[in-house]
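Shared between the two complexes below is subunit A, which has subunit B as its partner in the first and subunit C in the second.
Showing the complex of A and B:
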C-alpha cells in the first residue's frame, strides 16, 4: 500500500470523487436557479440509507439508486416549497432538514446497520479500458463513475448551450424579469431544486452501495454535504469548475491516506478534519481574489490576471432570496 | 370589554389553536415514522415520557440537559438579532469545555477548589468567545459566510478535543474514548444528590436568561443589534458599524456557549469527553427558531427538547429503536411551526388592503 503508483492513485481519485462530485453538481444546479439547499449533509445520509435498505430488501441495486434519488428530490422539494410558496428562509429550513433527515436516516436505518448488503460491481468498458494509462484511470470502474463523468459534460451543455439552460440561469439572476417575460420562476425553481436533489440522492446511493458499502451509525458520509456546499462556491457556480474542485478534494483525501502511512506519528484526527480548515482557507482566497484591490495589485502581469480570472466567480444574483410576484 | 381586550383574546385563541394544530401534525407524522419502522407508537411515547419525567433522577437529567441548551439559546438570541447564523456555537461549547479543563488541570490536588472553579468558568467563557471571534473575523474581514466559518471551526474544535484526549491529556496508562482523567471531587460543582443536578449550573442558566432579556430589551447594544439586523442600510445611515456589532454579538454567543461547555465539564461529566457538546449547540438553534426568537419562550422549548432527548435514551434498551427519534420530532416541530408562521403572515397580508381602505 505504501508503494506509490500514479495510475492506482489517479484511478482511486476518479472513483472516490463520485459521491461528492454528484452532490456538488446537484447543488450547483439548484443554486443556479436561486435556491440554496443547505440540507445536503442530511439528505446525503437519508438517501444513502434509503438506497441500502431498498437494495437490501429488493436485491435490485437499480431500485436502490432510484429510491435514493427520490428521497433526495423529496428533501429538496421541501426546501423549495417552503421558500417559493411559504416565503420562509431557505437557510433556516435547510438547516432544520440537515439535522432532521440525518436523525431520520439513523432512526429508520437502525435495523439494517452493519449488515452485509449488495454493492455495485466493477464494469470495465470493453475497448476503452485497454488503452494503457487512461483506460485504467477512467474506464475500469463501476457504473456510477461513468455516470458522473457523463453528467459533468451534460450539465455544462444543458446550462450553457440550451434554451432551457438559459431560462435556468435567468431565473437565478433575475426572477422578476423572467416573470415579465412569461417564464414562471416558481415552476422553474421548483423543477431544478428537485433535479438537484435527485443528484444529491444519487450521491448518497453511491456512498452506501459503492464507495463505502453498507449502512451504520456513523456511516462515514458525515460532513460530505458541507464540503459539497463549499465546493459549489469554489467552483464559482460553474459545473465544470465545481467538478475540478471535487476531483481536487478527492485527490487530497487519497493523498491523506498515503500521508497517514508515511507519517504514523501524526494523529489520524488531523487528517480527518484537514478538509475543513482547507475549506475555510479556500473560501478566504476566493473572496480575496474577488476584491478590486487584488486585481489592482496584480498590475500588468497577465498570468496573475488569468489566475485571478479563473478563481473568481459570482453567485447567481437572486440566490437565496425568495421572489414573490406582485 | 374594550377593543384591545377583544383582539388580545382572539390572538390568544389563534395562538393556542395554532399550537394544538402543530402538535397534532407533528404527532401524526411521528406516529407514521414509528409505524414505518415497525415499532409500537404508544409504547415509544410512553417510554419517552417515563424516561424523562418518570422520576426525580430523570427530571434531574432533563434539567442537566436544559442548562446547556438554555445557555446556548441565550447566546444565539444575540446573533440572530443581527441576522447571523452562528452555526459555530457547537464548537464554541467545545472550546469552553477545553479551556475549563485546561485551568482545572492545575488544581488536580484539590487545594482551593473555589478559586480554581471560578477561574475555570472565566476561562471557559473566554474560550467560547475566542472561538466565536474567529468565526466573526472570518465573516467580517474574510468575507466567508458565518455558516461555513462556524462549521469548519466546529470540526477543528472536535479534532482538538480528540487530540487532547488521545495525546497530551490522556489518562495515565491507557488513552480511550471515555475521556480524560476524572476530576477530584473537590472540583465538581455541588449537586443535589437525589437528582444528580448541579444547582450552580441551574442558577447560572437562570441568570443568563435574565441578563439576555435585559440586554436585548433595555440596553443600547440590544437596540443596535436589532436595528442592524432588521435594516442594514438604515444602520449605515445612523453611523452604526455593523461589523463591530456582529463581533459583539459573536462574543456574547461564544461566551454563553463557553459557559455551557464549562458546566458540562465541571457539573455533568467531571472530565473532558469526546462528545462533550452532545449536539446541544445545533439543537439550541432549533430551540430558538421554534420559540420564534423570544427570550421567554425559548427556556420552555428548551425544557421540552431536553425531555425528548433524555426520554429517547430509553428507546434502544426497551424497544430496540435508535434514540435519534427525538431529533426527528424536534425537526418536525420546527418545520410545522414555520408553516404556521407562514400562514399567519399570509393571512395578515391578505387582510391588510381592507385595513387601508
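Showing the complex of A and C:
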C-alpha cells in the first residue's frame, strides 16, 4: 500500500463511506422533520447484528438488509412514539436507547461471534465500469455503494422538489403552522423518523455484510453513529452537503492509512484519531465564513454572497421540541 | 358567507375565556370584534377557525350547524384565519410557504402555484416576490402572503386576529383596501382588534367583548365614547405631559454602520440629550432595531464611533453599558426580556444578587411583593412570567429597571398592549424623563409616536431620513418619510 494510487484511494473512499453516508442521510431526514434520533450508535450495531444473523441463517443477503432496515426503523419508531404521543424528551429516550440497543446487539449476537458468514459480492456495472478512472472510482463496487450514490440525489430531489418534501421541511420548521394548514405533524414526524431509522438500519447491514463483514465484539461499527450525528450538523441539514461531509470523513480515514505507511515512526493511533479533530476544524472554518461579519465583508459581491449562502445551514426551527396541540 | 355563533363557551379549568358568546356575521360585510387584552377575542376566533375546541355552543355556516374541530375541516367549509403571530415557515421561500398545505402527492406543481400566486398578487396590488425568503419579509408582508394563501384555498369567511399590530401605515392602507375588495366580492371578513380606529375606518358592524361576554354590538356610524365604555367599563384617560428641560448629551453616534435586521444601519449620525423622549419611526426592520441594539451595547458597530456620556464605547462590553445606566428592552418580552420558567420573585432575586453564598429569598420576595403592588402587575410573586399577559409582562420588565437609568432603549414598548396598559407605560416612562433619563423607543404606530415623543427620527432602508421635533412636523410628512419620500 505504500505506493500511491489516486484511483484506488478514491474508490476506497467511495466504498468506505457507505455506512456513514447512509446513517447521515437517514438522520438528516429524521431531523429535517424535527425529531432527533440520538440512538444512532446503538441502532447501527443492532441492525448490523440483525443483518448478519438473518443473512447467516437464511443465506439471503437481501433478507439481511431488509431485516436490518426493519430493526433500525423500529428503534426510531420508539423514539418518535415517546416524543410525539407520550411527550417525552427525545434526547433522554435516544440516549437510553443507544446503550440498550448496543448491549442488546452484543447479547443477541454473541452465539454468532467470529463466524464466517455471507458477504456482498462485487457487481461492476457493465459499460459504465469500463470508463477510465470514473468507472473504477464509482462503478466497480457492491450494490450498497450504488444504492448510497442513488439515495443522495433521491433525498435531495424528494426534499426540495416534491410537495411531500415541502411538508417534511415545513413540519420541522413549525408544526403549529402545519396543523393550521391541515398537515398532521404527528403523522409526518412519525413517518420520516421511521424512514430515517430504516436508512440507519441499512447502514448497519452494510457494515456487517459488506464493509467489515462478520459479527463480533467489537464489531468495528462502534462510534459511527456519533460521527453521523455530527455530520448532520456539518451538512447543515442538507442531504448533499451531509454527503460531502461523509465522503470527507471517509477520505481522512483512508488517507490516514496511507500516512501510517509513509511515516512508520509516528504512532498509528495518531492517524486513527486525526480525522476527528480535523472534522471539527473544518466545521470551525465553515462557521467562521458564515458569520454575519464575513458576509458583510463580502460586500456588494453577489457571487461571494451566494457561495456563503450555500454554505450556511440552520437547524430546523422545531428540532427536538415535542409538539403539543393547543 | 353567513356565520352564526350561538352561545359559545370555552373554559380553561375555572377560567372562562368565552362565556356564552352569540353574534352573527352577515355576508359581504367587515365585522369588527373589539375588546381589550384578555377579553376572549382570540379564543373565540381560534374556535371559529377550528384551531381549538369549544366547550359548548353552536356554529352555523350559511344556516346549517357545522361541527368541526380542526383547521383543515374549517378550511373545507371556507373559513380561514390569519393568526396574531404569523403561522408560517420563515426559512422557506415565499412560494414554498404559499404551497405548503395546498399541494399533495409527489409531482412538482411549482409552476401551477407560481401562476396562481402571481395573479393573486396582481389582483390585490401587493408587492411580494415568489422567490424571496419569508424571514426577510416584514410582518405586514407576511400577512399579505398568508391572506393570499387563504384566498387560494377558497376562503369565504376570513378571520384576521390583530392584523394592524406591528405593520406600517402604508401596509395598513393596502391591507384595508384588500379587505374592502374582499367584502365587495361577497366574502365575510372578521377583524379582531383592540384599536378603535381600525374598526372606525373599516368595519360595517362592531361587536365588543369584555371578560368573555358580548357587551354590545353597534353599526356605523359609531359613537366612540360608547364603544370605549363597552370595552373598558370606564373610560381610560390619555397620558398627560409636562415640559421637560433637556440636559447634556447622553448618546452620540458619528457615522455608525451596523449589520443585522433586514437592512442593517448605515451612516448614522445623531445625538440624544438628557430628558428627551425620542420616537423611532420607519417600516419594520428599517434600521431602528439595529440602532437600539448598537446604542444598548448588544451589538457592536462595524464602523463609526458611539459615545456614551462623552466617552467612547469602543471595546466596552455589555456590562460596562449597564454600569453606565443604559437599558435595552426588546420587543420580544418573553424570548429576550424575561426568563420563562422563573417566577416573579426569582426575577428579583436574580436582579439584586448581593455577595454571599445564599440567595436572599426573604428580601427578594419582599421586593417582588412591593413592585407588584406599585406597578400593578396582575400576578403573585409565585406567578411564572410566561403565565402573565403581555401588558403585565411589560409592567414587570419596567419594574425591574433601575431608577437611576440614564438611557432607556425600548423596542416597541406597547406592542400588543391595550389602550389602558399603553397609557400606563407612557405615563411611567414620562416620569423617567422628568428625572433627566433619556428615553428612545421604536414604534410602528405614528399616532402613538406623535402623541408621546418630543422628537421623531425616521429610518428608511437603514438610514436616518428625517430627524425633527414633534412640533415641527405632521403625520403626512412623516408618512412620506417612512416610505423614503422625505424631501
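In this text, the second predicted complex is superposed on the first by the 292 of 326 C-alpha atoms of A that agree within 3 Å, B and C clash if a C-alpha of one lies under 4 Å from a C-alpha of the other, contacts with A are read in each partner's own complex, and residues count from 1 in each chain.
Methods note: a contact is a pair of C-beta atoms (placed from the backbone, for glycine too) under 8 Å apart; a residue touches a chain by one contact, two chains touch by 3 or more.
Worth saying up front: this structure is predicted, and the values here are computed from it rather than measured.
Enquirer: First (subunit B), second (subunit C), both or neither: which does A:173 touch?
Expert: In the superposition, A:173 contacts subunit C only.
Enquirer: Figure out whether A:229 sits in contact with subunit B (first) or subunit C (second), or with both, or with neither.
Expert: A:229 contacts subunit B only, not subunit C.
Enquirer: Between subunit B and subunit C, pick out the one touching the greater number of residues of subunit A.
Expert: Per-residue touch count on subunit A favours B.
Enquirer: Looking at A:219 after the superposition, I want to know if it touches subunit B, subunit C, both of them or none. Which is it: first, second, both, neither?
Expert: After superposing on A, A:219 lies clear of both subunit B and subunit C.
Enquirer: Considering only touches as defined above, state whether A:95 meets subunit B (first), subunit C (second), both or neither.
Expert: In the superposed model, A:95 contacts subunit B only, not subunit C.
Enquirer: Is A:83 touching anything from subunit B or subunit C once the two structures are fitted on A? First, second, both or neither.
Expert: The answer is neither, since A:83 touches no partner chain.
Enquirer: Which stretch or stretches of subunit A touch subunit C in the complex?
Expert: Per the touch definition, subunit A meets subunit C at residues 161-164, 166-167, 169-170, 173-174, 176-183, 292-293, 296, 314, 317, 326.
Enquirer: In the complex formed with subunit A, which residues of subunit B make contact?
Expert: These residues of subunit B touch subunit A: 33, 36-38, 85, 87, 138, 142-144, 147-149, 151-153, 155-156, 158-159, 162-163, 166-167, 282-283, 285-286, 289, 320-322, 324-328, 330-332, 334-335, 338-339, 341-342, 345-346.
Enquirer: What residues on subunit A touch subunit B, complex-wise?
Expert: Those in contact with subunit B are residues 38, 78, 82, 86-88, 91-93, 95-97, 99-104, 106-111, 217, 223, 226, 229-230, 233, 267, 269-270, 272-273, 276-277, 279-280, 283-284, 287-288.
Enquirer: Show me the residue ranges of subunit C that touch subunit A in the complex, using the header's touch definition.
Expert: 46, 49, 51-52, 70-72, 75, 81, 83, 87-92, 96, 99-109, 259-260, 264, 302
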